[in-house]
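Shown below is the structure under consideration.
Just so it is clear, A, B, C and D label the chains in written order, and each chain counts residues from 1 on its own.
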Amino acid sequence: MDVGVIGMGPMGGAMARSLLRAGHKVTVFNRTRARAEALQADGATVAPSAAEAAARDAVITMLATDEAVENMVFGADGVLAGLAKGGIHISGSTISLDLAKRLEEAHGGLGQGFIAAPVLGRPPAAEAGKLFVMAGGDAALIERVRPVLEALGQRLFVVGDRPYKASLVKLSCNFMIFSTIEQMAEIFALNQKGGVDRATLYEVLTESLFGAPVHKNYGRIILDEAYDPPGALLGLGAKDNRLILEAGEGLAVPLPFASILRDRFLASEAVGDGGLDFCAIAKRAAADAGL
Amino acid sequence: MDVGVIGMGPMGGAMARSLLRAGHKVTVFNRTRARAEALQADGATVAPSAAEAAARDAVITMLATDEAVENMVFGADGVLAGLAKGGIHISGSTISLDLAKRLEEAHGGLGQGFIAAPVLGRPPAAEAGKLFVMAGGDAALIERVRPVLEALGQRLFVVGDRPYKASLVKLSCNFMIFSTIEQMAEIFALNQKGGVDRATLYEVLTESLFGAPVHKNYGRIILDEAYDPPGALLGLGAKDNRLILEAGEGLAVPLPFASILRDRFLASEAVGDGGLDFCAIAKRAAADAGL
Amino acid sequence: MDVGVIGMGPMGGAMARSLLRAGHKVTVFNRTRARAEALQADGATVAPSAAEAAARDAVITMLATDEAVENMVFGADGVLAGLAKGGIHISGSTISLDLAKRLEEAHGGLGQGFIAAPVLGRPPAAEAGKLFVMAGGDAALIERVRPVLEALGQRLFVVGDRPYKASLVKLSCNFMIFSTIEQMAEIFALNQKGGVDRATLYEVLTESLFGAPVHKNYGRIILDEAYDPPGALLGLGAKDNRLILEAGEGLAVPLPFASILRDRFLASEAVGDGGLDFCAIAKRAAADAGL
Amino acid sequence: MDVGVIGMGPMGGAMARSLLRAGHKVTVFNRTRARAEALQADGATVAPSAAEAAARDAVITMLATDEAVENMVFGADGVLAGLAKGGIHISGSTISLDLAKRLEEAHGGLGQGFIAAPVLGRPPAAEAGKLFVMAGGDAALIERVRPVLEALGQRLFVVGDRPYKASLVKLSCNFMIFSTIEQMAEIFALNQKGGVDRATLYEVLTESLFGAPVHKNYGRIILDEAYDPPGALLGLGAKDNRLILEAGEGLAVPLPFASILRDRFLASEAVGDGGLDFCAIAKRAAADAGL
């Protein structure tokens, strides 16, 4: 297909390369042009504006925050202006339920399609085409872009008939990640003070009932205290945790674990750990234990 | 080896059978004698007292609470009285760190050995010899009973040189289970209110980054609301969660997730769910969401 | 002084009457005109628009939410348009720190003054002129409207040189109220289950170390379960608690008690108590105790 | 009356002096005899054993922990042995509900009376006879020692017909104190980071709706960070908070605020603040805010 990709951060860049490898025609746009040009060697065309990148069968946005998506979509020379009637906007980043609903309405009003297809996985997984893609939106729209969605990752889940539902599932996965970090942080601190070797605990966990990638990957980072350079910024984790709390607020669902995480993220930022990997929230459990 | 097993609940009975299958000579004792006699068909001998069951190379206790272990060990005709000098008491159930330390001291004072080897897994895993065994204590003692420990499960982890460390690791695993239940309970409630099918969420989770047995097994119980008949009683879960909080208290380690779980267990008991499976704490997150 | 008052809810109406009693010239505006006209008997003039009400020495806004204030200030025929250069906008309701900053900037840019002077107290206190007023903003501005601020309540506190600081102090007071409700809700439930008469507990508390108005007034409501009709809506309490959490977010300050309250408010709304008095969050502690 | 007082810490000593001032005949005992002898100048007689001190109309125990009370009551030459049939043991310190029940049963079995009459207030209040006394137990017993109870403080509350109920009410008061400290700690941190003077906030609080002794006294300590020397040890606060959590456990009442406090106490001990005044748990909210 003829696809635009907007946002050439580590995730967006990797996703564009996955599409190129799968044989799609890819046009990229990035606010800082140099980052887009880096994709030319892989076969991508660089568009001069978001609107131009969006003037295809489909366009993927892969941007860090709701605000960035709003600017890129609703702004002058934005996605809304460039996408043809019948074109499909695929939101690949993690956005709020509210924004998903507003995008659905705005695109629908112009005869354009909108689906949310946030991805699960960090940049190395994106490079390897190993992302998990969770798509929400009109089933017919999803079918039309299925070749694109499948090229992005190892597995495509269709999670609902409305885009916001994909946001909800993705945020839920992120919540699972954050709360698993906190789980392990608490018992790592406890066992360390109790004289149990942390590496032994990690081994017992990951080779018994707790051997999912979430345990192995994030547990390893905590074990090695490998928070710098960050794989994903603590500030971005804080943003996603805020979005899950907002989702709970909107749906009247108390989320006590997410509230604990909120305080971990805030305390991390307060003591100056905002520039570390988001796994560094584990340092708070250790600090509270006097470690 | 010549081994006694004390406590013929679903776990103890299954463990005795595993030992018999592995060729060990097994003598069993249970306060309610009929339960012990049920093992005779499998080849076990029934002892008339705990002391008699303990008069072997090694004796395993598999009892529900600290109090039950104390009574069986320190009481008249108990383990302490029956075990020969050089004999080894293996505590297979989940006991407090304090009791582990007291047992270590009491047995040591009599020239007996004591190791803690709590097991991870529910009765069906015990029957299938699929338990995980985490042993703590003097390395030489552990080596002497290794054939017994290995017969109990699929994998033996040696987690430390003191028995209480095995208690700590086992309690940590239980905490991982309880807090994973709460994680999933929160997002199941959130997604349900958001219109996302719970079965879809379960599939996305378990087939992406969250596919460990803890996710699959306990998530399935929550998904199916299969809380009755209980696999493990909510009251026993509450007891283990109390032990992990006590461990945190003793080591000065705050455990905010365990505190949330405490309130879930207490509220479950308060509303009359104490006789259900411990996964039923998930009902609290749903109730708080008005479901 | 010549003062406008915008927003004739129970609080705004009472404040307008206090100003009239103190001899000020009062012009009122309310979106639903009938509510404004009810003040004519007390001597107020009814303005046809917010702009007209604002065309005085000073104008007070007393509106339920940030959104309502924004509409009334920035909208067509709004406060910004009507206030003369040198006129002063006094925000009497509880607004977010962000809005306080935006209003300060917007008014300042037009040569108008802005101070935040949120009030503490419920409608009966407002009618009796017994409110507490906490003013933030430029000291010279506050002095100019001091006769107005003093007429509103029994005590004026100047809490800082910027308007948002008054929002922060007021939200802190609301947090004190909400968390005192939760304190008492927890021990009322505990003592009731322990067989201690709740009225006895209330007496012990309020006649020993815990005899502040916050204890007596809100404790009495909980004791009597007098949640309907509401003195102040649970939904408004939820809004203020959200604002305090947002303030914590903006300043990187974890607020664990406020997070507990968040879940109380959400659960209350989820089970259908949103239309009760905000003290009804106390029902959650009782429900969790099986009462 | 002829009264024994056991435990000559700052509280017990002050209480003995109050009794002497009120004209009672007072015999004191303390494990470290010198502390008892210090009371001789005030007119007290020193007993050589707890049993001897208890051989009066009534005997008051004022000891720091459950364990200390148990040793002094059940031990050789203890209260139980010394108290005559018909004599009354008054437990003045804060004990667990369980111990209150066990003491009631033990004394009752010997034809002795037992009431719990824990006191609210710190040593200076005790010296000034300004304690609040909350008595639980058989009404006739309470009447018999009313002159003693009234001499101890400014106000006697009879809170229930069983001794454990007085423990429950007293622990509830302590919970109110601890959670008020946390309330204020959170908003002091928030306002400080928001640029509001803490002393201004303290003034607004205590001169508006939050002017109870609990606010003024403990707020002042937090404001001045006057944690050393301690008025009451953080470790003792931790003990009382543990007792309130145990009461919640026993009665199946979740207490989320008390769980937050638990983590504050543990973190305080973990970072080395265990020897400060218990108000120093407020340092944790500040530390989490990066202050």
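Everything below uses one rule, namely that a contact is a pair of C-beta atoms (placed from the backbone, for glycine too) under 8 Å apart; a residue touches a chain by one contact, two chains touch by 3 or more.
Please read these numbers as outputs of a predicted model, since none were measured by experiment.
Considering the contact criterion stated above, the chains in touch with chain C and with chain D alike are A, B.
Using CA-based centroids throughout, the chain positioned farthest away from chain B is C.
Between chain B and chain D the CA-based rotation angle works out to 180°, given as a multiple of 5. The centroid of the Cα atoms in chain B and the matching centroid in chain D are 39 Å apart. Taking each chain's centre as the mean of its C-alpha atoms, chain A lies 38 Å from chain B.
If each chain is reduced to the centroid of its CA atoms, chain A and chain D end up 53 Å from each other. Residue numbers of chain B whose C-beta contacts span two or more other chains: 248, 252-256, 260, 263, 266-267, 269-270, 288-290. On chain A, the positions that touch chain B within their shared complex are 97, 120, 132, 134, 155, 157, 159-160, 162, 164-165, 168-169, 172-173, 175-177, 179-180, 182-183, 186-187, 189-191, 193-197, 200-201, 203-205, 207-215, 217, 244, 247-248, 251-258, 260, 285, 288-290.
Put simply, chain A touches chain D in their complex at residues 263, 266-267, 269-272, 284, 288-290.
By the touch criterion stated above, chain B contacts chain D in their complex at residues 242, 248-249, 252-256, 259-260, 262-264, 266-267, 269-270.
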